[in-house]
Amino acid sequence: MGDCLKLHIDMNCDLGEGYGAFRVGNDAEIMPHITSANIACGFHAGDPVTMARTVSLAKKNNVAIGAHPSYPDIMGFGRREMQLSPEEVMSCTIYQIGALQGFAKAAGVSLQHVKPHGALYNTASEDEETSKGVVEAVRALDDELIVLAPPKSVLAKVAVEAGLRVALEFFADRAYNADGSLVSRRQPNAIVKEPREVVERVVNVIKEKKVLATNGKVVTLGEVHTICVHGDTPAAVTLVETLKKALIKAGIEVKPLGSFV
Amino acid sequence: MGDCLKLHIDMNCDLGEGYGAFRVGNDAEIMPHITSANIACGFHAGDPVTMARTVSLAKKNNVAIGAHPSYPDIMGFGRREMQLSPEEVMSCTIYQIGALQGFAKAAGVSLQHVKPHGALYNTASEDEETSKGVVEAVRALDDELIVLAPPKSVLAKVAVEAGLRVALEFFADRAYNADGSLVSRRQPNAIVKEPREVVERVVNVIKEKKVLATNGKVVTLGEVHTICVHGDTPAAVTLVETLKKALIKAGIEVKPLGSFV
Amino acid sequence: MGDCLKLHIDMNCDLGEGYGAFRVGNDAEIMPHITSANIACGFHAGDPVTMARTVSLAKKNNVAIGAHPSYPDIMGFGRREMQLSPEEVMSCTIYQIGALQGFAKAAGVSLQHVKPHGALYNTASEDEETSKGVVEAVRALDDELIVLAPPKSVLAKVAVEAGLRVALEFFADRAYNADGSLVSRRQPNAIVKEPREVVERVVNVIKEKKVLATNGKVVTLGEVHTICVHGDTPAAVTLVETLKKALIKAGIEVKPLGSFV
Amino acid sequence: MGDCLKLHIDMNCDLGEGYGAFRVGNDAEIMPHITSANIACGFHAGDPVTMARTVSLAKKNNVAIGAHPSYPDIMGFGRREMQLSPEEVMSCTIYQIGALQGFAKAAGVSLQHVKPHGALYNTASEDEETSKGVVEAVRALDDELIVLAPPKSVLAKVAVEAGLRVALEFFADRAYNADGSLVSRRQPNAIVKEPREVVERVVNVIKEKKVLATNGKVVTLGEVHTICVHGDTPAAVTLVETLKKALIKAGIEVKPLGSFV
C-alpha cells in the first residue's frame, strides 16, 4: 500500500442493477457511504438509461466507477453459470466495459476498476480459461484498470500475471469456509446477519488479515483492499453507514482503490 | 471537399450483421471493395464475438470503422419504429458506440463515423428530438466522429448545428422520390436492379449532384460524400466491385470519409 | 348483464409483472381482493417461473386468469409504441396467450380473458389493424375468451364484430377526458389519488354509467364490466380492499367476468 | 412397434430456426421429405411469425409437429450449457411448448412430440434433474406427447418411468462412440459426410439395431424410431431425399412417429 503508516480500505457496492421499469436497490441512499461503485452493464441488469444515471450519481458523490460485466442473462440476473468459450467471455467483457466507458466519457470521468458479476465472478475465480477471457479484455481496453478478485483466486493470479493491478476483496456479510472460500448462498449460514459481527469481522480482516471460518477455525486471507457491501435494503444501507463509522473510529481510512492499489 | 482538383467519394456498407449462430452477409468478400464499414453494435444484430471479428476484418482491409446503432430490437432487426424518449435514444446510442469503441480500442484502431440503423436512421432523419438524441450521444463521446445522414435531412441539420462533421449519403440501389427522399421499401419500384443504371446514377450524383426521381423529374440532392452499398448477396458484391471500377474510371477517387469530410 | 336484479362488477389487476430476480408488486397481498388477474406473458415481464407461480397463486385464491400480452420489449416494459405489422401483432399475441395457456393447463385451470398490455393496449384501442391482430389471435386460440377493452374503443368494436365477448373496463384511479378517453400519464392530473374519490367514481360509473371528466363535464361511458385496480404498493392494496368493501356495501356484487359477460 | 410385418421409421428435422430477419435453413425444400418437424419455440430461434409460418408449412406438407424447446439463449442458439434449476427447466419447457401449442391450435393441428434442443438435449440426456424438468413439463401439458431421446439416455429412462411414450433417435450423419454416445462436434470426425455411408448406416441401424463406432467396434443401440436429418444446406436436402428413397427401396416404411410409437 502507498501509505504504510495508516491502514486504509475501499468499500465497493453493486449499483445500477435496475432494468428499465424494474427498479432495484437504493442507489441514491448507499452512494454517500461507499468509495467504489460496480455498475451493471446491460447483460444482467443496467439498461442504457440506468447506466447513464448511475454514472452521473456516482460522479456527484465522488464515488469511483467500475464495470460489473456479466454473462448475457437478464432473465437469470447473471447468476446462472453459462458455458462460454474464452473468445465469448473476452468479447462479452470488452462489450460491457466499452459501453460503460462510453457513459463515463460522456460524464467526464474514467473507470477505476472491473469486477465480474455473479456466476461470471464465481467461474472466473476458479477457472483459468474464463479468468483469462476477463483479464485479456481488461488489458486490451485499459491496463490501468484494477481487477477485483477474491484472495487466492485463479482470477487474482491470472490478472497479476498479466501485469494488471488487483484489488483483493472481502465480503462484509458473507460467511467463509476453512479454505478461505465463501460459504455457498444455498447454505443456511451463508449470510452474517448480526451488524456487530459484520463490523468486527471487517475490522479484524483489515488489521489481522484473518477471518473466523464457519468451522470455528481462523483462516488467514492475507491483505484485502476492498470490502464488498450491499445497498439493496434500507437495513443494508444502515449497516454500511455503521460499518464505515466503525472503520474510521478504528483508525482505518476509507478511500477509493485507485488511490492506493 | 478537401481536394478541389479531383472528385472523390466514400463507399459505406452495413457489416457485422450476424448474431451468434445467425450468419448474415459476405463480409469478407465485400470488405476489399469499400472504404467505410458500419458495424452493428448488438441492438439489431452484432453479438460481441461478431463485433470483435468484424472490427478485425475491417482493420485488415484498411476499411474505416463506424458504429451502426439501432433501436433495441433483435427480433425486428431494428427495422420497427419504436417510441423512445430523447433520453432513451441518447443512452442507447452512447451504449452502442461505447461498446464498439471498446472493440476498436482492443484492435488498436479508432472510430471514424456513426450511422444510425434502420428505423432509427429513418426517424432521426425526420424527427428533431430523435436526431438530437443521436447527435448529443456522438458529441458526448467524441466530437471528431462524422455523422452519416441523408441530404437535406433533419439529422444532417441538427448534427451540423451541434458542430459535428456530417457526411451526406446517397443510396446506390434505391429509387428516389421527387422531394429527394427514398422510395419506401414497401413500393415495388424501391430498388434499382439494373447494374448499369446503378453505376450511371452514382456517377451522375457525384458529378452533377442530381438524381432522376421515379416521376421522371431531375432532383438536385447537392453534394454527397458517401455511397451506401450492400454486400448481402454474391450479386451485390459483384455490383459493388463493378461500381468501384466505374468510379475510378470516371476519375473519381474512392477513399474513406475521414480523409476529406 | 346476466342478472338484472343485482348489480355486479369484476375487479382486474395486472399481476406476475416481475422478471427473474426483478420483483414487482405485491401479488400475494392483492390476490384475495380481486376477481380477475391479467398475467404477464414474458414480452414485457413474466419470465416462465414467475408465470407458473402467478397462475398457481391465482388458482389458490380462486381468481380468474387472463393473458396480458405485450409488444416484445422487456427493456421498455411494453410501454413503448412499436410499429408491428398485423401479422407480427397476431403472432406475438398467439405466442403469449399460448404460453400462458400452457401454465394454466399444467395447473388444471383455464383462461378467462385477454387484456393487451401497455402500448399494445393503447394502440389496439385506437388502431384497427392492431386491434384485428389481437382479436384474430384470440379467436384462433379460443373464441370463449373475453377481450378487455375501453368503452367505445376500436378494440371493443373489432372484438364484438369478430363474435367475441368483450368486457368494458373502467380505471379506478385514472382521470378521464371529456371524450371518455384516459388522461395521459404524462399529465400531472392523470391519477386520482384521494381514496374517497376513487371509491365514489367507481360506484358512480357502475350505477350511473358516468364519470366526471377533468374539465368538469359529466361523460356517459355506458355499462362497464370490470374495474382495473393496482397492487404495486401497500397503499394500493389497501385502496383495493377499501374499494371492494364499499362496492359490496353499495349492493354491488364483485365476481369474475366469466360469470356474467 | 405396432406393425410387426413391416419395418418403419420416422424422419425428424429441426425447422423454423430463423429469427426475424435472420433466415436459416431451407424449410420449404426439406419439408416434403420428412415426417416430423421439430419447431423452434423462441428461446434459441423461432420468433412468433416464423413459428406461425413453420406450423403452416408443416401442415401443408402433412408433416407431424413437435416442440423444440431450448435454454433461453438466442445469442448462443441454445448451444451453451446453462445451469438452470429444475423449476426453471420445467417452466421454460412449459412456456415454449405452450406457445407452440397456441400456433398449432390456431392452425387446426396438434403436437405429436417434444425434442429438447442443443445443450438442453445434451444435458437432459445425461442429467436426471434436467430430464425430470423436461418430462414433468410434457406430462403436465399433454401426456400423449412423445419425447424424443437418445437410446439408453437418462432422458429416455425418466420419460418412460413417467409413463410417457418415447421415440429413440439415431443421427443420420453423426459418428458414434463405442459406448453408443455421439462423437462430440468438436472432434474432427464427428460428421459422416459420405452420402453412401450415411444411407448404409441408417438402413443398418433400423434392420440390425447396430452402428459401427469410430473405434471400429460394432455397437448395439437397440431399436430406434426416428432418424434425425438436417436441411440447412441444399446438399443436406439432397441427402435426405436420397436417404428416404433408399429406405423405401429397402422395404422400410417412412411415417410419422405418432402412428407407431
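The first chain written gets the first letter, and so on, giving A, B, C and D; residue counts start at 1 in each chain.
Note that contacts are C-beta pairs under 8 Å (C-beta built on N, C-alpha and C of every residue); 3 or more make two chains touch, one makes a residue touch a chain.
A quick note: this is a predicted structure, and the numbers were derived from the prediction, not measured.
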At the chain B/chain C interface, shared numbers over all numbers used: above half (same) or below half (different)?
same
Pair of chains joined by more contacts [C-beta pairs], A-D or C-D
C-D
CA centroid of chain C to CA centroid of chain D, Å:
40
For chain A paired with chain D, centre-to-centre distance based on mean C-alpha positions, whole Å:
44
Interface hub residues of chain D, defined as touching at least two other chains
47, 75-76, 88
For the complex, give me every residue of chain C touching chain A.
18-22, 24, 45, 47, 74-77, 79
What residues on chain B touch chain C, complex-wise?
72-73, 75-76, 80-84, 88, 119
Which residues of chain B touch chain A once you look at their complex with the stated criterion?
42, 47-49, 51-52, 87-88, 90-92, 94-103, 105-106, 137, 140-142
